[in-house]
Every structure is written in C-alpha cells, then in structure tokens.
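Note that chain A is present in both complexes that follow, paired respectively with chain B and with chain C.
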Partner chain A sequence: MSDVAQRPSSAPEGAMERRERALREFLTAVSEDFGVDPPSVALVDGSKIASQCGLRACGCYRSREKKIVLNYDCLAELDVLDVLKVVLHEFYHHVQFLRRGREAFSDLDKPYRERPHEVRAEAFGKTFSRFYEDLWFRILGWRS
Partner chain B sequence: MRVGEGVGGRRPRCGLCSFAVASLASDLNAIRSLASEAKREREAGAERAAKERAELISYLLPSAEVLLENMAYLCEDAAEEWLNVISKSVESIRRALSEEDFGSAELRAESALGFMSSLFARCGGRCKP
Partner chain C sequence: MGAGSKARACELLKELKSLIERSEELPPTALFHVKRAAELVKCNPERPAADEKRLFEEEGIIVE
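And now, the complex of A and B:
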C-alpha cells in the first residue's frame, strides 16, 4: 500500500491530505528532539485499517516500513489531546525500533497491556503530550 | 561520556530538558509520598489501602522510566553517571514494590530525588528555540 491517503467518506475533501502533511511536520520536529530520523506517516480510512494494523486499532507502527499508520475515523472520535497521545505513542514505537531493533518488540507473547514496550509507549504519550501540546496545536490547528 | 548531543551534534529543543527533569522529579516525589503512605497504612493494619497506594505507584513508574530512558537525548549535559544512579534507584523501587517493601521504596525514591538537583543544574545549556 502506498503512503497516499485513502479518503474516507467522513473526511472533507483535502482534509486528510492537509492533516497528513501537518502530522509529517509535527513528527519531523519531534524526531529531531529525540535524535532519530522521522517515520513516514499515513492516515487511512477506518475500513482499511485492519489490513494495516489489525482490527479496531486507532493506529500502529509498521517497523518494516518505519511507518506510522493512523485510523482517520477512529481519531475523529477522540479529543484532540488524545489524538496527540496516540501519535506520540506510535512515535515512541519508532524510537524503540530505531534504538533497539526487533528486540524492542520481543515481548509480543504477553497480553497487550502487559507488554513493557507498550507500557512505555503509553507512558511516553501521556507524559510528553504535556510538552508538545503547544507545538501540536500550532502545527495542526485542531483546537476546537 | 557526555550525552544529549544526539545525531550530528544537534541541540535539544529549549525547555524540553527542564520539562523532563521536572516531570521526573514530580513522579519521584509522588512515588515517595505514596510509598510512605503505604508503609503507614500497613503499619496501621490497613492492608487494602496500602495495596491501593502500591497500585498507584505502579502507574507512575513507567512514566519515570520512560523519562530516564530519554533524558540523555533531551538534556545536553546530563551526566551519564547521575542518570545511571537514578535509573538504579527506579529499578530498586520497582523491585521493592514487587516485594511489597514500601519502606525500601520510599528510601529509594528519596535517594533518587537527592540527585535531581544535579540534573536540574544541567538544563539550560545550548538549546534550539
């Protein structure tokens, strides 16, 4: 699948493309702070997310492609700050992968919520969303 | 080793180091208070309340751990030896918690907090506005 967004019926024309560009800009800035190359990012229609991430996921990180895939329809249901937490969570999987390779995800045999790499990514999203809130709003302009 | 220079001698974003250090200090302070409360609750025979405090600590630990994991990238002059000492303290807190040794968890948090001022002093070097 290419990085070109597939526009869901719920998204106004051009909205997905604009948000994807903004996400790319945001992730480039955050990547620089953490000394890593930025991941690629794709916003996809909720009906297409299962093929990329698994059922009902709001987002995922595809290490083979160093790509964050986000479910447009799922994120549209969230508060804007919760969207930021999801983005930072997935970004941290990218950091984990670049720092430790596949070994970073060696706990996949455990239940999802008990996997250390998921717990850390969740903590990263919650903690650093407080710092990146301003940058997030400035770049995305999503304040309601 | 001097850390925090990251890839290609980049500078951390201004405020990011102070944010990370302040967040870590806040987490450690909360852990210390909760461990102290858990110890008192247990001494008073309130085992359930003690376990509830321990559960709250377990929610704070991943945040402290992820901050430590990244401190070296965010604070230009964060000295590795201090980060190691604080990391060891946080590991000890996790161990003490699994053994339900709340007194030890409190002491370890106290000890880690003692090093935080050294980390704070290292914020404010070169940074990217």
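And now, the complex of A and C:
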C-alpha cells in the first residue's frame, strides 16, 4: 500500500500499512497451524477493490497469486469479530486451492449459498474465529 | 405480493444492493449488511453465478 495520495479519509496515515503487516503476521501463524504456505495479503481501499476482486466486495481470493485481497473500507466498518471471520473465510479458500486446485471451485454454477466450497469456508470462519480470537486481538486488535 | 412478504423484502434488498453497487457515495460496507439481511430473510443468492464463474475462469478470483 504505497499509494498514500489515494488513501481514503477513513484510514489514518500508516493504518493500512500497519494492518496489512499485522494481517500477514496473523495469516503466517494460522498457516503454520494448518501446515500450509501462507497466502500473501493486500488491504486495498474501497475505490480500488473492483480492480482487484472484479466486483465490489469485502474481499476475495486471487488463486493465481495465492493472495487474499481485503477491502479496508468495508472491514473498518465491521464488528471486529466479523473481520476475523472474513479473514478466516478467505484463508480457507487458500487452503481449498492448495489442497484441491481449481477443482475446489468447480461448484461455481450453483447459487452462492449452495456452493459447498463457500459453505465450508463460512463454517471454517465461524468455527475457528473462536480459537483465533486471542491471537487476533494480540496481533491486530482491528480498531485498537 | 403483500407488503410484509419475503418476496417483497428480497426484491427490495436486491434493489438496495444494486443501488449501493452503482453508487460512488454509498459505502461498500453497506453491501455486507444487505447480504446479511438477505441471509436472515433467506433470499435467493443475489449475485449471478455466471459473473463469478467467469471471474474464476478468466482471472482465478474467488469473490468473498
């Protein structure tokens, strides 16, 4: 996030960079627990999310780069534990891709809520947010 | 379609989502809350699957 001039008013100077570093540290720790290489991560402001994710969204997983992209403006407005769930949800897409490749996402014809890979990612985020809450607050403390 | 019906609520949520997506002023965060509301009401999925399939096939992107 070097584009300081483009930073939104909601993000104090350096906040995005600090949080991006913290997210990297958090995802490295979680990846170690699951025995996978960590994904790269980028926090981008809301005005740029569509160029990274193809659509306006709170986040996405770019499988070719093994990269999680998160919308800073979106996440900054969420409850801190909801942010953790979003991050873990995207992390699970990374695990799905590492384990099964493109096949993991072969259910994209189905409606979003009926796709097994999304159902599992959602369940993973909800379940493991309880276990990673302490680490999350220690490393990131989203609003602190 | 009654004023309090699920179908009406879903239709309004869909319109609201479209409005937010097209707006330059409304915060994208609002999409998260609209999505949550649609989940609670148990609406059908709001995003055309074809768009997401194309995004994955062409760019390898999984959205949300």
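Everything below uses one rule, namely that the second predicted complex is superposed on the first by the 133 of 144 C-alpha atoms of A that agree within 3 Å, B and C clash if a C-alpha of one lies under 4 Å from a C-alpha of the other, contacts with A are read in each partner's own complex, and residues count from 1 in each chain.
Rule of thumb we're sticking to: contacts are C-beta pairs under 8 Å (C-beta built on N, C-alpha and C of every residue); 3 or more make two chains touch, one makes a residue touch a chain.
This is a predicted model, so every value here is computed, not measured.
Trainee: Would you sort A:His93 into first (chain B), second (chain C), both or neither based on which partner it touches?
Mentor: second
Trainee: Considering only touches as defined above, state whether A:Thr127 meets chain B (first), chain C (second), both or neither.
Mentor: So A:Thr127 only meets chain B here.
Trainee: Considering only touches as defined above, state whether A:Tyr61 meets chain B (first), chain C (second), both or neither.
Mentor: A:Tyr61: touches chain C, not chain B.
Trainee: With both complexes superposed on chain A, which partner does A:Leu81 reach: first (chain B), second (chain C), both or neither?
Mentor: neither
Trainee: Between chain B (first) and chain C (second), which, if any, makes contact with A:Cys53: first, second, both or neither?
Mentor: second
Trainee: Could you look at A:Asp73 and tell me whether it touches chain B, chain C, both or neither (first, second, both, neither)?
Mentor: Second partner only.
Trainee: Does the superposition put A:Asp109 against chain B (first), chain C (second), both, or neither?
Mentor: The second partner, chain C, only.
Trainee: Give the label of whichever partner, chain B or chain C, reaches more residues of chain A.
Mentor: Tallying touched residues of chain A, the top partner is C.
Trainee: Mind sorting out which residues of chain A both chain B and chain C touch, each in its own complex?
Mentor: none
Trainee: Could you list, by residue number, the parts of chain A that touch chain B in their complex?
Mentor: Residue list for chain A touching chain B: 32-36, 92, 119-120, 122-124, 126-127, 130-131.
Trainee: Which bits of chain B are touching chain A when the two form their complex?
Mentor: Touching chain A: residues 6-7, 10, 12-13, 15-16, 19, 23, 62-63, 65-67, 69-70, 73-74 of chain B.
Trainee: Under the touch definition given earlier, write down the residues of chain C that touch chain A in their complex.
Mentor: Counting only chain C, the residues touching chain A are 21, 27-29, 31-32, 39, 44-47, 49, 51-53, 55-56, 59-64.
Trainee: How about chain A: which of its residues touch chain C in the complex?
Mentor: By the definition above, chain A touches chain C via 46, 49, 53-64, 71, 73-74, 76-78, 82, 89, 93, 102, 105, 108-114, 117.
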